[in-house]
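Lettered A, B and C in written order, each chain numbered from 1.
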Amino acid sequence: MEKAKLMEDLKQQIIAQLNLKDLTPESIANEQPLFVEGLGLDSIDALELIVLLQQEYKIKLSNAEDGPKVFKSVSTMADYIIQHQTENA
Amino acid sequence: MADHKKISAYSIVRNNTVSKNGALIFEYEKDAGANDFLLAAYRQFAINYPKFYKMDNLCKLGIIAAEVLLKDQTFESNDPYATGIVLSNANSSLDTDIKYYDTVANIASPALFVYTLPNIVIGEISIKFSFKGENAFFIFDSFNADFTTHYVNNLFDTTGIHRCICGWVDLPGNDYEAILFLIEKKETLNEQEAFTKENLNNIYYTSNGKS
Amino acid sequence: MSNAVFVAGAGIISAIGNNVAENLHALETGTPGMSKITLLDSAHKETLPVAEVKRTNEQLAAITGLPAHITRTALLSLVAAKEAINDANINIQGLRTGFISANSVGGMDKTENFYAQFLSDKNAGRLRNVINHECGRPAEIVADALGIKHFVTTISTACSSSANAIFLGARMIRQNMLDVVIAGGVDALTKFTLNGFNSLMILDNEFCKPFDENRKGLNLGEGAGYIVMVSEKVAATLKTKMYCTLSGWCNANDAYHQTASSPGGTGSLLAMKGALQKAGLSANDIDYINLHGTGTQNNDIAEGTAISTLFAPRYPKMSSTKSFTGHTLGASGGVEAVFSALSVKHGLIYPNLRFHTQMKELSFAPETKFLKEQSIKHVMSNSFGFGGNCSSLIFSGV
């Protein structure tokens, strides 16, 4: 899937999965840090993103330590998905 | 004498209404469900705390009741260890237990699982208001004013707390009910303000339309 | 009038034994209770070790006289509570007796099976399997069986629940509201909890290694632990020797996160400090700490940091008995109170199993050998729960 479209989808899915009701997809920048600063997500949100990857993209992140790298921003998440979907194909 | 304890304030959230010290301050559509009501109350009181959206309904209920209770109350010290919290209910975290369990069939949700304990309400209130004093959560069939007054009086006598938030926060689905009392070590001006089980019951049952 | 609260009896059932003697034997021989899942029909059967009580519900029912279809939580609770009362050898007739029990799952073991059947067919499933779902039911069932009516309540504050139950009991004795209290807690393994903890990614797929640098998480366990506490007046009438006193306790809130502990272990530190203050002791007086020590990255560093802050440079011996029993959640405070009381009574220090590498941030390591004939005057037992609820108990020799 094309990266730009994937990132738009991801923003909507993240908002839904993490109950970020005050946010719109437009307010999340592609390279914006998701954790600490930026959106200020926490460890439970990280786990929910792992669930999101599995539910929407059938990708299993079994090593929680890879989380910070993969979930750094919407852009890194999209890269990871594209890479692993190609591997699964 | 500083031996006296006073009911400095109380907040009640039930039947899609919110009241403080007996005065109605917010009313929502009677047939709206808990989800809609809690969000409407959050916006009404301009609570501005994004973490609210991630909480389960029991915690949302507790946070709204606490926010209303503590608004405009002034404390001499901001000592985080000076505030104790003692809450109770009949249904534990049942509403969220069910929602969480529905996800187990597919992929268990960590965000729901963390709320499958009733004392997380105390955790969320403690985090928002930076309270670090003693806290406890009890399960009773119904609001137990006798136990609450005994327990809280003992906390005042044996620990370093200056004030205590106590009461009942229960959410069996849409039939929720929260009543929080703010108790402080203070001279009482009149009998109705004294921290006694009779006064607690009076407030609880009169406002409930139950007698 | 003295304020002393005496521990007159203890009862326990866990993955390492069905009574006090069996538990002590396992602790002495270094025999942990973890294994593959046998009692739950779970997708994680082959991958996640748990610490199960080695008794089926039918066997527990036969021992207790409760029906076999009743929730496992009530069955486990009654076994341990009965042992504690028998051990204390008290006739509770005419005494104001309380039963304060804690748990986190209630009757969930039965409900989750009912629910699965019910979802697929509204006529399936037996209603008798859900009537005891509520958190407060196991305590009521057990109190009825024991004939305790004066005061019965349930505390539900996650992993600190039974520690909180215990000091509530002590308070009520000091306040002269009760003469005798059986206090502690219970939890049974359920798919609900197993899946939940798995979703938080804090379970170890091998046997846990508390306080080890390479720890990977906790193993869930089940069981029940109760102590019988009495006032000084009642203690004077008893022929059996008292185990110890409950001399200190404290509860505080970490106010940091719903499930993680703050890096400095603020809540833990407050609880331990407060317990020492209540007991009129200093850190130097503690001979052994029974750690909360779940084996998760987060708990052990938070607890370890708090211990460093409070005890450095002189550290007492310490260990996590969760390396034997797993994390029994609502029961852990009660189970570990039993181990702590036994430690004071018999001069024992328990080993922390599977420890190999000291945590790099800490300048102390847990004890790895079982020690007896130790001079133990004061034992501290930590129980830190989700929701930032942190409790610490101190048991002292008589």
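Going forward, contacts are C-beta pairs under 8 Å (C-beta built on N, C-alpha and C of every residue); 3 or more make two chains touch, one makes a residue touch a chain.
For clarity, every value in this text was computed on a predicted model and none was experimentally measured.
Visitor: Write down the chain pair with more C-beta contact pairs when B-C is set against A-B.
Guide: Higher contact count goes to B-C.
Visitor: Relative to subunit B, which chain has the most distant C-alpha mean position?
Guide: Looking at centroid distances, A is the chain farthest away.
Visitor: Any idea how many Å lie between the Cα centroids of subunit A and subunit C?
Guide: 39
Visitor: Roughly how far is subunit B from subunit C, going centre to centre by Cα mean, in whole Å?
Guide: 28
Visitor: Between subunit A and subunit B, what is the gap in Å from one C-alpha centre to the other?
Guide: Going by mean C-alpha positions, subunit A sits 35 Å from subunit B.
Visitor: Quick check: what residues of subunit C touch more than one other chain, meaning two or more?
Guide: Expected reply: 199-201, 257-259.
Visitor: For subunit B, which residues are shared contacts with two or more other chains?
Guide: In subunit B, residues 107, 109-110, 114 touch at least two other chains, as defined above.
Visitor: Which parts of subunit A, given as residue numbers and ranges, touch two or more other chains?
Guide: If we look for residues of subunit A contacting two or more partner chains, we find 44, 47, 51.
Visitor: Taking the touch rule as given, give the residues of subunit B at its contact with subunit A in the complex, in rising order.
Guide: 39, 50, 53-54, 106-107, 109-111, 114
Visitor: Looking at the complex, which residues from subunit B come into contact with subunit C?
Guide: 80-81, 85, 90-92, 94, 97, 100-101, 104, 107-110, 113-124, 126-127, 130-141, 147, 150-151, 154, 158-159
Visitor: Quick one: in the complex, what on subunit A touches subunit B?
Guide: Those in contact with subunit B are residues 18-22, 40, 44-45, 47-48, 51, 54-55.
Visitor: Which positions of subunit C touch subunit A when the two form their complex?
Guide: Residues 199-201, 257-260 of subunit C touch subunit A in their complex.
Visitor: Help me check something: in the complex, which residues belonging to subunit C touch subunit B?
Guide: 104, 106, 108, 112, 115, 134-136, 153-158, 164, 168, 171, 175, 177, 191-192, 195-201, 250-259, 266-267, 270, 274, 385-389
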